[in-house]
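In this document, chain identifiers A, B, C, D and E correspond to the written order of the chains, with residue numbering beginning at 1 in each.
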Amino acid sequence: MRLIKPRLLVGIVIVSIFSVLGLLVPLFAPEDPTAWNTYFRNLPPSAEHIMGTNNLGQDIFWLLTWSIRNSLWIGLGVSAAATVIGVLVGIFSGFVGGITDRVLTLLMDVVIAVPSLPILILISALLGGKSSLWIIAGVLVVFNWPWPGRQARAMALSLREREFINVAGASGENTLKIIVWEILPFMLGWALANFINTILVAISAESGLAIIGLASLKDATLGTMIYWAMQHQALLLEKWLWILSPILSIMLLFIGLFLVSTGWSDYFATRRGRQ
Amino acid sequence: MKKYLAIASLLVLISLLSACAAAPAAESGDAAAAGDEMTFVDTPRRETLILDNLGGTLERPDFFNPYAPGVDMGRGFHEVCLDNLWEINTTTGEQFPSLAAEMPKALNEEYTSFEVKLREGIYWDDGVEFTADDVVYTLQLGLTNDKLPIHGWSIDYLKDVRAVDKYTVVIDTNRSQPRFSKDLGATIWDATRFWPVPKHIWENQDPTTFVAFPPTCIAQYKYSKHDPNGNWTLWELREDWERTAVGMVAGKPGPKYLLWNFVGTEEKRILAMINNDVDILQDITPESMEVLNNRSDAVRAWHAGFPYADFDDPCERGIAFNNSQFPYDQWQVRWALALATDIKNVSLGTFAGMLRVSPLAVPPVAAVQNAYHKPLVERLLAMELPDGYKPFDPTFATAMAEIFNEQGVGGDLPTTEAELIDLFGVGWWKYDVDQAAKLLEEVGFTRNAEGKWLLPDGTPWSIAINAPVDFEVQSGRLAFAVADSWSKFGVDASVNTMTGGSFWNASSTGEYQAGSYWPGCAIGPDIYPNVSFWHQKFIVETGQPAPGNQHRHKSDELARILDELEKVTSDDPRNVELSKDLLMQMALEMHWIPMFGTSKFVPVNETYFTNYPTADNYYEGPWWWWSNFKYIVAQIEPKQ
Amino acid sequence: MIRVRNVCLHYQTVQGTVKAVENVSFDIFDGEILGIAGESGCGKSTLMKGIYGNVEAPLALTQGSIEMEIEQAGERQVIPSTQFHRYWWEHISYIPQASMSVLNPVVRIQDQFFDSYLRADVRALGKQQLQGRIAEYLRELELPVEVLHSYPHQLSGGMRQRVIVALATFVHPRFVLADEPTTALDVVVQRGILTMLVNLQRQLQNTFILVSHDMGVHYQITDRMVIMYAGQVVEIAPTAILFERPRHPYTQLLINSLPRLGDDTQRFGIGGRPPSLLAPPAGCRFAARCHLADDQCRQVQPPLVEVEPGHFAACLKHEWVTEIPLVGGGESA
Amino acid sequence: MAVVRFLAVRLMVYVLVVWIGVTIIFFVPRFVPGNPVEVMMGKLLSQGTTMDPVLVESMRKTLTELFGLEGTLWEQYSSFLSRVILTQDFGPSLSYYPTPVSMLVARALPWSLGLLLTALLTSWLLGNLIGLLAGYYNKKNLSKLIETGAMIVYPIPYYILALLLVILFAYIWPIFPFVFQVSGTPGSWPWIQSVAYNSFLPLVSIVAVSLGWWIISMKAMVIDTKEEDFVQYARSRGVSDHKIMLGYVARTAILPQITVLALSIGGVFGGALITEILFGYPGVGSLIYKAILGSDYNLMLGTISISIVAVATATLVLDLIYPFIDPRIRYK
Amino acid sequence: MSDKFLEIKNVSKIYRIGGLLGQTKIAAVDNVNLALERGKPQVLSIVGESGSGKTTLARMLLHLIQPTHGEILIDGMQTGGQLNGAQLKAFRRRAQPIFQNPFESFSSRKTVDTYLFETARNILGAQTQAAANRAVDEALVNVGLSAERVVGRYPNQFSGGELQRISVARAMIPRPELIVADEPVSMIDASMRMNVVNLFKKLRDDFKVTILYITHDLSTAYYVSDQIAIMYRGSIVESGPSAKVLKTPSHPYTELLLDSVAKIGEKWNEVVRLPDLETKEYGYKGCKFAGRCPYAREVCRQARPPIVTLDEQSQVHCFKPVDYQHPAPVSGS
């Protein structure tokens, strides 16, 4: 039995490639790749434009890296916020109990019952534009924290019954300390897996909105890139690099993130099993 | 419940079966034109003209009450079923009598009483004759039903309506209406408030909720059937088509069947046309046109070659501001933005250069361009900003031709300057960022180290341009192209892509900075009906919905000219002269930045039908979605 | 009988090979109750798996053999442990540790009875008759028949365990393996179940193998005992003799570390902890905790020798075990 | 009595969830810019027709009145609540005025349900079956292959898969229609055939993705369950292999899957929004989208409320019936 | 101040069990009274089977759960209800717990010494690192361990016995007057149990700590305790000096328990009756043991048995010693 399964390894490799493509490479972009008519339109791939240019006179490669960057940031930001809020609220709710717990649980149930996509569409459709990347991110956070919240609550409830929590209490640790030092360490593995999953959800939601034209279309994300390519009939004009590069990127990125998330959970489970 | 079960239980099994079984059927579109091929609605393909239904899937396909707010007038309903008293000839921009026997006759000098003579011998498709009673009944609907959207207008406009005899109606108005026929007849696209309905069908119904299904038609087609899912509507030529206005005026009926069909997203629509499954497409992007050109020999656009599109759509696109809000309340700022617009690049970015520019607030359609743009070139050249700067640049058309020739796409272009101006417009404002910067600095704007513009108070200047997201592609793209241009000038410009609701709401309440709107419309030399709303008396506070002058531009001079214009009739020679003054004044004030006429790629497929109107066969504009389509379709002929 | 010869059972784990059972040999005779005792981690449960022939990865029988001798169709047959699964339940059955989780939680007890029986003549009875037979059997064991229609979680721990005993003995297998059958049960219940086991064994005249860490339990019901320590057998003897004169210091310490009711002598635990089975020491595995151990013990693996007839011990100092008094403490290792 | 108390509390939570959810759907559209009157005005005026300001003003007033948008938000809200509670009527659609919302929903619902229920049940059954086999025989190479396949398909957003399917099977290799066009008389065989043929790609795009999930989750559950004591013990009791797989492993592992299935059925009423839009499928998802684009308050409420009620009901029903699905819960 | 060090007055804890269907109330602890005198450190064993309420009682004593009725006073300090931070600290300085599962008593993600230092700082109030070190060191030495062996290690690096001794060391750091040990040795191997149990005697004698030893194991209870209380279904059925209670039991249940223990050196003979399905007995109107009691008469099933004081220190809840006389109503029930 190997410690790190090939699955996790493949995932890590894919995610690393995308991290480099999205977080490092864009720094070297020669010009703002979102500007129109920077280059001649519809150039074939060449040394200068390794993926060619599109109908809008943008360099497809640099546009792609910017798109990956923005998509990643949305994913990371939303996921970080949602996971942190969810875990904190969940632990608080589970640990404190009583009426606080009931109100928070109800709140989480309500948010879960309200379908998020229509609300997202509604808000992004009606607000649109520049601020919408932030607003979309905000709405995504609002709709995504209850899931980790509920799980964290359940975990807090069961952890609360563990004896070392009582021992910690008897050792004079206060509630905050117990949450941070006794409960949180047991949630980190799960929280990381959840974090990665929420990245998927956030990127997916944003690009879904973009594909139907409702995200912030001036910003480069994988979704808006698909949108513009579709708008300019890249499919029928067989400009494959333009239309397929973001589609395949999303697929690969998602597979990579998913593999990391499940691989990590597995790895974590085996590590725990060992102890 | 049965239906749910039926659909659910059969789907899996059947999909597998039909995956194989039905596949060949899908390819039928490729088959040759010959033969007795049938359409999917079981009509002979050769006798069925198939049109693209721009309105999309109808949620209520069996609803034919033209006075209900939620009705869809497209899909053939107002094109070939309803008819107007007066229709419009889009080549001249002039009206002609359709249901009416002649143009209205003013019965007094004040233009408050009119006599309308109806054509005799026109029948509804159920065999009942169309008479003055129908007209009176319909006009009174608005007067008596306060739940109809036209109610307010009717009360305000109409004083009295009465039938003098079977074919004569007299209408008294509350105020002087020198352009009476424009109010009750079709102009651009259609009239908005008067389609005669059959009194004998309607009189016992509640007009606010009446579904009017099946519709009783008065034009030469009648309702045949529709898709319960709302994708298509089929119309059939009336056997008694000679008893309709079109029959009488044009003497020809058109194809036996008309099928309006919605096939989905743009790529699906153009694929359908490539497969010869649709004969007329309405509004597509230049890229789609490119696909069509690449893939089909049977398809042609308005121009057979570059630039393909018809530039004569009667509304022009540009960037409007809320002129009551800082800093757009300053003409220097608006002018600076105009001069910072690299119009050639914007044209390329929007529709690959297939656009006609207009420096004036009315669209450069042929009739209007001849009446205003061309005669005003001298005055435009002489026009000076207060600092003496002459902003006009007449070289746009020739410069564009050069670009196209460089790109190698200009082979089909004309060569003389006059022809190029006919095609690409008389010119536009100079692209002069220095002058733009000078204007801005004059009102206290500064630049930071990175070359970004700062407002006089030192905060960064950013502009968000409203743009429609899922409709009116040209305006959307224009916004992005302009934002791109302005960004290069150092203004932080971005685009708010908005759905209809918020887009129009922002326009009406003025809660926006800039927007890619199309307030400049006109179809003929008489532009007053389309510019009257600019009067400053309609300005309301930002936040309140405005009845007119949504851009909240305040100008005593414009108001003065408009007041004068209101009093002159269409045929008065002073009309054009006053309009010229108005347009020049508007240009000087730069109350919004008009840019391009609307380009419509209106491709047709000539596999089954011919004699579509085209640039080479310009008997009508290619306005398939207008009410005057009933006259166009009369000219379209089956191939052989 | 079942012959266990030189058996090594090893687990493959992430950290390495855990030598759970090392070179174990003994016989299980027909008609006896054999007890296997030892601390947790001594390999007694693993050995049970081996004896039951239920060896699956990561566990592997790396050396030795286990054979079962049975009478079938009038002939004596010797069956290797790899084939035991063919005889499961019919000739050899298994009672697991009393636990909530060994019965299918979502199936009624009766259906679980039905699931188990393979023997053709039992199958042939048909559902109706089989049901009657089961009910009858439960009555014999003084169990309420209603339990058949219950779900496992509806029964108390003791009742569940008795049902499992009934399940495991219904077709009268020759060998019944019971792995800690009463651990975690209350003493009263424990006594009931053990009594039931003893009675059953007397009635069926078959062989019971009982694994328990509780020396009291062994004292009460087993005939012969195998003491295991760190994967090895350290002593085998008839129960009474083992308690009377243990010949391995571990056995002796174990017995003496237990307080007895009514006995006020000071008792001491054994200090230290068993060696890791990943890398067991070279010599006697108990040497580190043994008060008798010397350098030889730490270097030489003591063999299992017959110290008196039927009494085997693996200790170089077995002669001294009862001679040298136990010292107090051992609290620190 | 305890049952009654439990039911009362549970119902109260249910009502609260639905009420709060619906309230959100009532207020959110009204607080963001955009309103149905302006949409309607825009629709009527965008064609370039004469913008007589007087007409604009009077029309705006009439429409505001017709759409019930007069008065304060609170008045609108209370009249909405009382109407919905008393008559379960969401009123007329605003963008298709005066068509009742209920009529539009009634037309779209069978389509969404047909597509999604089929997709859901197919993928659930198939996914759990494959997951069971793959998990039960998890040492086999085929099982690993299946898991790898599922892992590759599952994380792909369903609309991306939909796009790919369209590119592959409607464009490059055109065996499926590019256009959703049902022909024939509703209910007839050609119609059914045409529905199935047209629904195939959307169906596949949803099935493929959810199939991946069911396989992965079932497989994981089966592998865990396989290690449970009662399964091990059943094996040592000589219970036959297929009996262990079906009666022991599958029976237990399927329970959480039933939970998720019930919740997913609740989600069906919301439609698969983006899939429906991309395929032009005439379901609730498309309707929600249109309602939003047209700022059609009533239609939004009508369509999204169904989804809220469905999800809440699914959880409620699940809580109520779970004891009957899982005997362990009943007597706890 | 009262002369009682620990007073448990009419304490009950009532749970509702059952979810959706058939919710019932169960008195896990039913009107328990107990008192220990000040200045007489001793080991008090509370013995009972599973479901007797002994753990619930322990948790109430430790302020982990609140009694439904009654009050608990430790050193005159009320432990029921909400305590503020200072009160809680004061309480913990007086009373410290030891829990059942040594492997669960310390977070696997932390080194075990962190709990020791936390206790030294928070409860004992050590101001400096040196003071804390001293306290920890001393406590570890007292349980036969040393700081070098413990500091910096994770729980999985210790045996159960060692961990439990560390638990004792931790509990001893603030020098409490009371230690409540809930089944402290049930998860430890038999050979090491005495290492922990002997500690309790040492703590009592050397540090004057009163120890509440909660267990199901009569042998260790007899071995270690001065006083003993037998609990059955939430009530204390018999209490008194351990030798007296276990040598001459007065309550039939105590008799049954003693009979059932798998003792070494004395074999079982007669068959005992096993208890009914468990939960039924909670609802009994009369004596909860009546259903299993061989001496039960009608009165036992109808009325609560009285508290019979046998001598100064011993009490029993039974009709038998008073010859089945219906008592005057018992106060406080």
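Quick notes on this one:
Note that in this section contacts are C-beta pairs under 8 Å (C-beta built on N, C-alpha and C of every residue); 3 or more make two chains touch, one makes a residue touch a chain.
Just so you know, these numbers come straight off a predicted model, no measurement behind them.
Between the contact lists of chain D and chain E, the overlap consists of A, C. Look at the CA centroids: the one farthest from the centroid of chain C belongs to B.
Top-ranked chain pair, ordered by C-beta pairs in contact, is B-D. Among the other chains, B has the CA centre that is most remote from the centre of chain E. One finds 43 Å separating the Cα centroids of chain A and chain B.
Work out the mean CA point of chain C and of chain E, and you get 32 Å between them. The mean-CA centres of chain A and chain C are about 53 angstrom from one another, to the nearest whole unit.
Remark: chain B and chain D have CA centroids separated by 38 Å (rounded to whole angstrom). Shown for chain A are the residues that touch two or more other chains, namely 125-127, 212, 235-236. Contact of a single residue of chain D with at least two other chains is seen at positions 32-34, 171, 278, 292-293, 295, 331-332.
Within the complex formed with chain D, the residues of chain A that make contact are 7, 106, 109-110, 112-115, 117-119, 121-123, 125-127, 200, 204, 207-208, 211-212, 226, 235-236, 247, 250-251, 254-255, 257-259, 262. Contact residues on chain C toward chain D in their complex (touch as defined above): 52, 54, 85, 88-90, 93-94, 96, 99, 101-107, 111-112, 115-116, 118, 151, 153-154, 167.
Contacts from chain C toward chain E in the complex involve residues 39-40, 155-159, 186-192, 194-195, 213-217, 219-220, 243, 253-255, 257-262, 264, 266-271, 273, 330-332. Residues 62, 64, 85, 89, 92, 96-97, 99-101, 104-110, 115-116, 118-119, 121-123, 156, 167, 170-171 of chain E touch chain A in their complex.
Across the complex, chain B is touched by residues 32-44, 46-63, 66, 92-99, 103-104, 107, 109-111, 113-115, 117-118, 121-122, 171, 174-183, 186-187, 192-197, 199-200, 203, 278-280, 282, 286-287, 290, 292-295 of chain D.
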